[in-house]
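In what comes next, chain A is part of two complexes: it sits with chain B in the first one and with chain C in the second one.
Coming up: the complex of A and B.
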């Protein structure tokens, strides 16, 4: 047994495959990121940290990091909380839950490409259903609700809605406007991600033993909130960890909505990392800078994974 | 005080009737066992008392107050679940504290961090700590207080679950098969501990089990339930010696009571096989079931009109007792006879034996399974 080399034969295929398709490209990208190599070139020069220097100093790449960070920080918490709320609501329904499940899960199943085109039409500044809906609501209930006129400190003449109505239906251009584009993309990201989180939470909820709720009731946890704090939330710990990790990685990887809806614009406000990699390395053939972005990207994901694996994991499994 | 009265309790799930018009009065400080085979509705009854399940009709009274409309958390009962239902993310100490924290702290004091600014919280925390320490000493779990339930053995979890129920001194304890997840030796040990605990707490215990041995050993009274009906409610000894019906007689006692087919003649004299009981039944000229417990039959060398014979099919040695499973000669049924090891060590499988009954111990049941009395002693 000790002298046998048989075990090598069993693990070799997996290891060789992993080296070829995972580890080698990773190191290759790492290597290229320290050069000025572009695809098709016959030679290259070592340039040290120049690519990284550019990334953290040139305006484009700083904007890239901002856009990515904004997207992740907005989409992850909101889609996780929404997913949890939706799952708990559906879990408490006696019937009709299946219909809602299907509706909420639809964005996950559908091709994002088709969905993004639908969004593009919906949000079109002049032809889109959103802006025509807003325009038709001027002076009505829609203006009162969406213009936040019900808040005591909002002046009904000065609200964004009233101003837009007054200025010849000057509603936001959503995806085409610097200050709204990233939030609109975030909204679509949330819409797309929360159905998946909801399904994961639904699975998590069914695995909580009912006796725990009954024990909580006997112990005097009367309100739903107390029972949530005492039983649901802690018992969903492992699910939450998984949901947060998966959502974070997926939001880091956002690409298709950006490619179809904004192409990183306007003025790079939606220029997320994955799109930057695609634009630099594939479209503009700047392989070395693309490789550098990729390395930073992988760095983020690795840090996240380690954090999940070694810090939070210990707190959510009992 | 801790009296519980159930009046005309019925429960059905859809069209299935699980409880049929039950009436039980549980006295203060009593250890009452609800016992019956699985699916007889005993757990449902317990959950109705707890308020976790709503009865279809009937009233639940706790300390003479109708609690039909009072939710579980406000009935001031404590429950020990079969699966223990400990909070896995909390330490044993926090598990024990939970019922106290939820009851004693107000909503503001339960808030994290800022709750600590409440002036009365410190005092309450101290009294909670004292109660938790007292309970954990009683149950000998003081050294486990900082562990999580996942790091405990089954028996330890059982104690913690008991502690969580005990810590706030409820009106009554409800226990839903609390020992069924323990191994056999620990189960027997915990029986005596539970009895001791009941003696020292003097609180009402309502205990659900399917194990008639637990019911016989621990309870002050036992309620035998079968198919949603309460068949007999009495002290364990009385239920064992004097079962009200054939089903109760068959359910209580291990090994099971032997049932013989017998008849009574026109004078009411009862006989079975070739044996004449020489006693008269109140029902004459009818077929009867005659129940005789294994310990009321003896293996004997005599052969006369008071004995019958059979072949030993299986010899079950329990050390202190040996039970012989005997095929009797008319071939109709197999019976179980208890023998003392020192008297019967030479009898093996396949031996033919004579069996004699201990007089005055037979129980009579009529064709529908109801108890029939003897008219003369």
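Coming up: the complex of A and C.
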């Protein structure tokens, strides 16, 4: 080694920044969560687990856990499955795959906040094209398909679509209604995330050797579904587990759409954790409760990533 | 057999086209609204671009411009008035300043560290690397609150530093570059040392050029993430318009959804969203590679 001190200069800035920016804040959040400290206060008292006690017992925070869980449980599986379906469809196309790929990837790229506002207008009850599309379809094919009249157990007079048509075009105010807001936000989340998963799956699909499909065919797996079950799905195992964890971690961090569209409402049905941290700690200056939410949040993420890194990676790699 | 295959192909396209329409809906809405007049927007008429009739815009007259100035086609008015109302170039410039500063500092910190971890042998190397691996687990947005408290105590809220500092360390960048440097042959470095190059010169004159492809992917990853980031700027910039990044600008344009004119508002949103989308369409492959970088191992 020529210059034996060089490495110190090389690693020192990185180490110092890692400690100050990434590691110390973990302890700081942990510390603050056991106090009643609010930003701007000169002193603080230790209050033990009081903040955590509030978090698990007060209605607001229970709703927060529910909203976050609902969002994650809905968005992750659907965006992963859609990503897989899109990737398989594109992979089997003879032409045009690149165009679809570009289109489906656009939402991943575009500034989410801008797109959230665009969705707000698209779904607006009087200005949006979604509700006008629905209103113009009353009594037609659109009503038949989207009102699920084709399902034998749906009464064509009683479906949600027929009822809205009958009541002077009373279609939902998607983002402002208690029973639709969370699902609408989930939909935007899925819309944004599935293109990312699609690209990862496309990469996964190209790495499956062609011979495996020929071998499967010789073994009698003739239909597409059988080949999928026998070859594609197991071979995509590592990709799937990776896609699921990374999507889960990103989904947990949802903030932009909530802040601009619902502000956690109506009646806290979309009150997700990142928004709660922002609202409590920054807007209401309740730093300590914000810190407690932060600790729980980080806990979730760390557990998930550990799970991916040490349990799954060992099991799934062949 | 042939005919059957064509039908299959047709079905796939039908499904994908429906998907594409749903995906494109908000983009369509955004562009369409930025071109049409207020009446056309409110009556949902005029298709994508509207009738584009030359007219006098009352809001513009009320703001204090002469009637002559305020008479033009809706698309001209929307974009012109958007720039009159808000310092859009300033927001875009802030976006450039912040994303570029972040990227440059990230590289200045990560590259030497990655080189040391990959190619130098020293006491504690394994420990430093495991520290990097541990830090990879920490989501920076998750620790935003303690970071905010620290910045507030240091009096840095509402400054460029607040926007940039938390992102100066990219453990992911270190990890990525280290993996890349591992593949660079030792002979190259030894030859450089024989030529009398110091370790600093090796990092910047030998390692940096070999790392260009990886660095480019990382640049896209970093720039896209921070250009689009809304959460962090929203935390640390409270009111100072001079520091607004594009997403904060977007939030401001939105203003009161019921009171404002929608055309100029959407025109501003389109203006700040478009640069990245155009860049993406031009260099698609690189972008997809860069953004899914976290997905590669």
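Criterion: the second predicted complex is superposed on the first by the 303 of 318 C-alpha atoms of A that agree within 3 Å, B and C clash if a C-alpha of one lies under 4 Å from a C-alpha of the other, contacts with A are read in each partner's own complex, and residues count from 1 in each chain.
The working rule: contacts are C-beta pairs under 8 Å (C-beta built on N, C-alpha and C of every residue); 3 or more make two chains touch, one makes a residue touch a chain.
Remember, it's a predicted structure, so these values are computed and weren't measured experimentally.
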item: Which of chain B and chain C A:139 touches, first, second, both or neither; value: neither
item: Partner chain in contact with A:106 - chain B first, chain C second, else both or neither; value: second
item: Chain B versus chain C as contact partner of A:77, first or second or both or neither; value: neither
item: Chain A: partner with more touched residues, chain B or chain C; value: C
item: First (chain B), second (chain C), both or neither touched by A:48; value: neither
item: List of chain C residues in touch with chain A within their complex; value: 9, 12-13, 15-16, 19-20, 22-30, 33, 41-42, 44, 108-110, 112-113, 115-117, 120-122, 128, 131-132, 135, 137-150, 152, 165-166, 168-169, 171, 174, 193, 198-200, 203, 224, 227-228, 230-231, 234-235, 246-247, 250-251, 254, 257, 262, 266, 269, 272-273, 276-277, 280-281, 284, 287-288, 291-292, 294-297
item: Parts of chain B lying in touch with chain A, wherever the complex brings them together; value: 50, 52, 71-74, 77-79, 81-83, 85-90, 98-99, 102-103, 148-150, 164
item: Chain B-facing residues of chain A, complex; value: 209, 211-212, 214-215, 217-222, 226, 230-231, 234-235, 237, 318
item: In the complex with chain C, residue positions of chain A that touch it; value: 1-4, 6-7, 9-11, 13-15, 17-18, 21-26, 28-29, 32, 39, 86, 89-90, 92-94, 96, 100-115, 117-122, 126-130, 132, 191, 195-196, 199-200, 203, 242-243, 246, 249, 253, 255-256, 259-260, 274, 277-278, 281-282, 287, 290-291, 294, 297-298, 301-302, 305-306, 309
